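Multiple structures are listed underneath, in structure tokens.
First chain A sits with chain B, and in the next complex the same chain sits with chain C.
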Partner chain A sequence: MTHLEKFIRAIHTILLAFLTYGLVANLLGKSFPMATTQTILFLLLLVLLSPVRSRIAAFIDRHQPVFNKFPGILTWGILLFFYLPIILLVINSFNASRTSGSWDGFTFKWYVQLFKHREIWYALRSTLIVAVIATAASTILGTLAAIALHKYKGYIQNAHYCLVYTPLIVPEILLGIGLLLFFVALKVELGLTTVIIAHITFCLSYVTMAVLSRLQDFDNSIIEASEDLGASSWTTTWRVLIPVIFPGILSGALLAFTLSLDDFVISFFVAGPGSTTLPIQIYSMIKRGSMPLINALSTLLLAITFIAILIYQIVMNRKNKT
Partner chain B sequence: MNSTRKKTLREVLLTIPSFVWLTVFFLLPTLIIFAIAFKPASFDGRVADGWTWRTLLSLRNPNYPQIIWRTVWLSLATTVISLAVSIPIAYYIARCAAWKRNLILFLTIIPFWTSFLIRIFAWKAVLHPDGFLKHAMVFLHLIDNDTLLLYRPEAVLIVMIYTELPFAILPIYAAAEKFDFALIEAALDLGASKLKAFFDVFIPGIKAGVVSACLMVLIPSFGSYVVPDVVGGLGSEMIGNVIVARTFTDRNLPAASALASVLILALLIPMLYFLKGKKQGQNEPKPAKEVV
Partner chain C sequence: MGVYELEDFLRFKGISKCFGATRAVNNVNLSIKRGEIFSLLGPSGCGKTTLLRMLAGFETPTQGSIILGGTDITDVPANKRKVNTVFQSYALFPHMTVRENIAYGLTIAHEPKELIREKVDQMLTMIQMQEHANKKPSQISGGQKQRTAIARALVLKPEVLLLDEPLAALDLKLRQKMLMELSLIHDEVGITFIYVTHDQGEAMSISDRIAVMNNGHIEQVGTPAEIYEAPRSSFVAAFIGDTNFFDGKISKVIDAEYCILDVPDLPPILCFNDKKLALGANVHLSIRPEKFQISLEKPQVSDKYNVLEGKVEDVVYQGDHTKYWVTIADDWKIALTRQHTRFMLDEKPITWNDHVFVYWFADDGFMLDRYSVEDEDLLQVPPQAVGETEIDDAAIAELPNATMLNIQQEDEQ
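Moving on, here comes the complex of A and B:
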């Protein structure tokens, strides 16, 4: 038995023990919806893991046409689940009523109020400053890291790889509190600089991975050919390597930019007074409860995102064709 | 000799910038979390001098076992449901026509590019006491007028699934895309039922994707803070909320770092597993954002 199988078996056992406990706890009395979800989960797991499976399989085989459609129905259902809240939010941003329960007519008043909201524009400015600097710095650092990781092997690069890879899997809250404690311990004043440092740190790993995957895809013999033909390593790097991995660098930079624009948790920890970014501003508005205003702001941001993705897709498609 | 030295120099120059940056701003801060857990708190919200064991005693807070239990339960439930939903979806996407596949993938990837906070906030309106869902459910006599949909663990669970689901679908799809569907046909020809083929041929075939999806959902779920904060109430706090409360409300950084240390230790095993799988090459688990 491989380690993987042992690991999965162990998880199964833990889950079963855990859900059995949940079921017993429910029987002893708990709120109704929680009890139901837990029971459904328990049954689902039981079905997936136990000998009852073969009987259910026979049942499903008898009703094949219905069950054949199940994955398709599930997929479109989940897409509806993804977009329903967002669609509702967009509709509500034009709703004259303060709450989403009733429709009091079409209005632009929330957008007008939004444009008069000074703090939002301030926050937007900080966000853009942070995003531009963090993207530029992390793209350079990440590209260098990816080239080093691709070109060289050995224990230094193994350690380097772990260092680059771990921030991708550590929960954001740990990155945030770690940096906060670090800055506090060094008595660094929290502000825009600390936010930028934090953003460079997590963007770096994403850029490295994007460039690295591009490097792994391309044919190393071009580099060798260039060197064989007498090009200096400087020329090879700038005239051969960089142009080839440029799409990787571009997508890494794009990813870094969007992640930086969107980051809330890490920024929240390391932001000081006067360095409120847009997500932090949105969060405080969510907390204070001016819901229609955030609806309008969200709709604007969603529209910008959609247009950006659309342009990106069109440009990419055109590039692929030529 | 000269050329090897030149090569080493070049490796060092290429490696140093990111290596030093991440050592200073990632490794060191992570280690500092453990160190500060042994420091006393000072009254001005900073860290006092000297060392103490007392901060660790703050972990004996009577509320903690319940909060940790809730974190574990919500994270595991999010993971199990996300996987159960993602596997059939990945199967469907991998098998359907190219234009449909591109459309579905496009629609699944968009949430990656839209604001995390906005997607959570959208749910606040859906579950709002004056929202249409509440009205509909009251109308259908599923709940009575006094039941709150917001501010309870179930709301946190739904929204956590909502935010984590794309992270589960994409790695599983990446594995399903490479899966050879002729194997399923072979299993059917040899007399296996469709469901048996699905469970005994398809799922083992996409195991790497399933494992990475599992970790991709489980690890961030353990550290989630925004979802329980926005749609959950007092009765649905998770570890992340307590860390934030210790940090910003109580200004007790050592207590916050003690709790964060517990979180790191709890996640160490799945994270090491991730790194190990990564090194083995071929069947490596991948974070979903890499797939994008």
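Moving on, here comes the complex of A and C:
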């Protein structure tokens, strides 16, 4: 082993030590200047190392097997970065301790408490009612809007397109305030109805866009073919147009359902007494400090989502095989 | 079905269609016979597809009326017409199987299930697609899609089948095969086919009659042979096949049949005067390349032949025939083809810069009614002679061979 290699190895060790130290220090809550100093030092080291980069390359060449694993390590690192918080959340939902820092043994008590917690179930019910109605309404209206936008061209449709597109780019908080002002001005009592109307407003845009993108690569001659074969425009719509764009409608509906389910900002503005949705309920529970209950609830939601995706995959696989 | 004149089965009366300021179809009058294969032929943008779409009911004529089997169908919506279309893109329903596609028209007409099954099976047999009946359009080939589209239109027993460039998306071999199949299907069902195409070869081989369209109007209607041999305008002459134009004045009327044509820079041309033109009339003569003969020696021919002398500008050998471009009197170029009916290697070949005699029988030329200079652009021009192109040294250096040469030289050093 040459001197140079020893030197490089030493520098690597130092770098690794610094990195580790920096990570640990930051995690333990070191101050901002400390973190900055570390970063600058780290960058300086990198700059100092640059003259020997070709040597490093040679070193990497010689130790291919180790470095070949790097992409794999990176992938796992990123996955860990994304899913570690969720894993921690799941583990903590079974933690007997109230605080997430210490492990006091395995327990189901938070789940038991959760099932007894009437407000959560009430909120869940409200959320589902809102989501189902908003999804149904926005899917129908959005599909019709998309068909109109696709079929007709002109000033009115251009304006229509802008109106549909706006909720996608306007900050949610503006939409929330706007809707609140609107309901107050019309003296509509805030409640489940206002939440549903608000959800339809923004879900509509997503559904329209999803269906419209499907319509864009739609071959219009099949509509003509259908009419040519004797179908009325009503029959054509039901037997040709809707089935062909159905994947777009379905993805729009799923998108609407998901968005409605976890919308917080807009719901927060337009919800009245007795129309608390799940995200708002969770928010207020965090404020009151009932973290373990939320952990349990989140774990349940996670499990439901996971199972749903699993079933979907199995069904799709089976469908593809036949 | 009522009784009507064969000629009057389908009629376009003064049909015009405007899209904004552009007139896609301009005052078209056309009569189509029952049971014939009628082609609408023309370059893209000539209005042939618009005419077809008006017949199918997808467009409403700005002016005029369409009469099918004695009834005016101008204002009848597409879904009520006994006319079915085969689309260029096939337009099969992607979510239905081949069987469901073919059955579509019958299903929505609420025909009894048994009858639908029977009719669809018949169609599947006709197009030889029985084993593909339960496949989706995405799982079958272009030719199979084409056949499905035809069957889907034919199962409804339309009075007219419209085919909008049905073979455009297929490759050459398959196109010829489908053309044969189409004409077999026509023999079997015996209904009127209206075939839109820009390919003169397709139109010539399949049609009973052809309408050549240009700029929204019809240039000429006739059988393929009539269109080819007796084109009325320079457009038809140049669009269908290849030809040579001679413009001149009649300088002498010999008898009831022949006249002498004076073309600038050329010797007097003997011309068959079928139009009975008088002295001094302007004449546009079209002579097809295969009507010429070419030889190295002065030909011994009757006085009803024209003989011109010239120099061979270009030769393109194509196996069964050779194409020659001969320059006459410095700036007249004649394109001609020579069919090799005899074993060719035994004779002295005619080649570049040869002094040749070009001759043709006076009756083989055809006088055009209308002529426009732009149509000459449609004619095939000879490829530029090799001697005339400047050789680009830089381009040669980039050739792989040249590079290899350089490497060899380096090796030698």
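Here is the rule we use: the second predicted complex is superposed on the first by the 234 of 322 C-alpha atoms of A that agree within 3 Å, B and C clash if a C-alpha of one lies under 4 Å from a C-alpha of the other, contacts with A are read in each partner's own complex, and residues count from 1 in each chain.
Simple rule for what comes next: a residue touches a chain if its C-beta (ideal position, glycine included) is under 8 Å from a C-beta of that chain, and two chains touch if they have at least 3 such contacts.
Fair warning: this is a prediction, and the values are worked out from it, not measured in the lab.
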First, second, both or neither for A:I86, with chain B first and chain C second: first
Which partner, chain B or chain C, touches more chain A residues: B
Chain B versus chain C as contact partner of A:I173, first or second or both or neither: first
Partner chain(s) touched by A:W238 [first = chain B, second = chain C, both, neither]: neither
Touched partner set for A:F108, first chain B, second chain C, both or neither: neither
Contacts of A:W121 with chain B and chain C, given as first, second, both or neither: neither
Interfacial residue positions of chain B with respect to chain A in the complex: 10-11, 14-15, 17-19, 21-23, 25-30, 32-33, 36, 46-47, 72-73, 76-77, 80-81, 84-85, 88-89, 91-93, 96, 104, 106-108, 110-111, 113-119, 121-126, 128, 130-132, 134-135, 152-154, 157, 162, 165-166, 193-196, 199, 207, 211, 214-215, 219-220, 222-226, 230, 240, 243-244, 247, 253, 256-257, 260, 263-264, 267, 271, 273-275, 278-279, 287, 289-290, 292
Residue ranges of chain C in contact with chain A within the complex: 56-58, 77-80, 83-85, 87-89, 91-95, 104-105, 108-109, 152-153, 156
Parts of chain A lying in touch with chain C, wherever the complex brings them together: 219, 221-222, 224-232, 235, 239-240, 243-244, 246
Interface residues, chain A side, partner chain B - complex: 4, 7-8, 11, 15, 18, 22, 31, 33-34, 37-38, 41, 44-45, 48, 53-54, 56-58, 60-61, 64, 67-68, 70-72, 74-75, 78-79, 81-86, 88-89, 92, 99-102, 140-142, 144-145, 147-148, 151-152, 156-158, 160, 162-175, 177-182, 184-185, 197-198, 200-201, 204-206, 208-210, 213, 233, 255, 258, 262, 264-265, 269, 279, 282-283, 286, 291, 294-295, 298, 301-302, 305-306, 308-309, 313
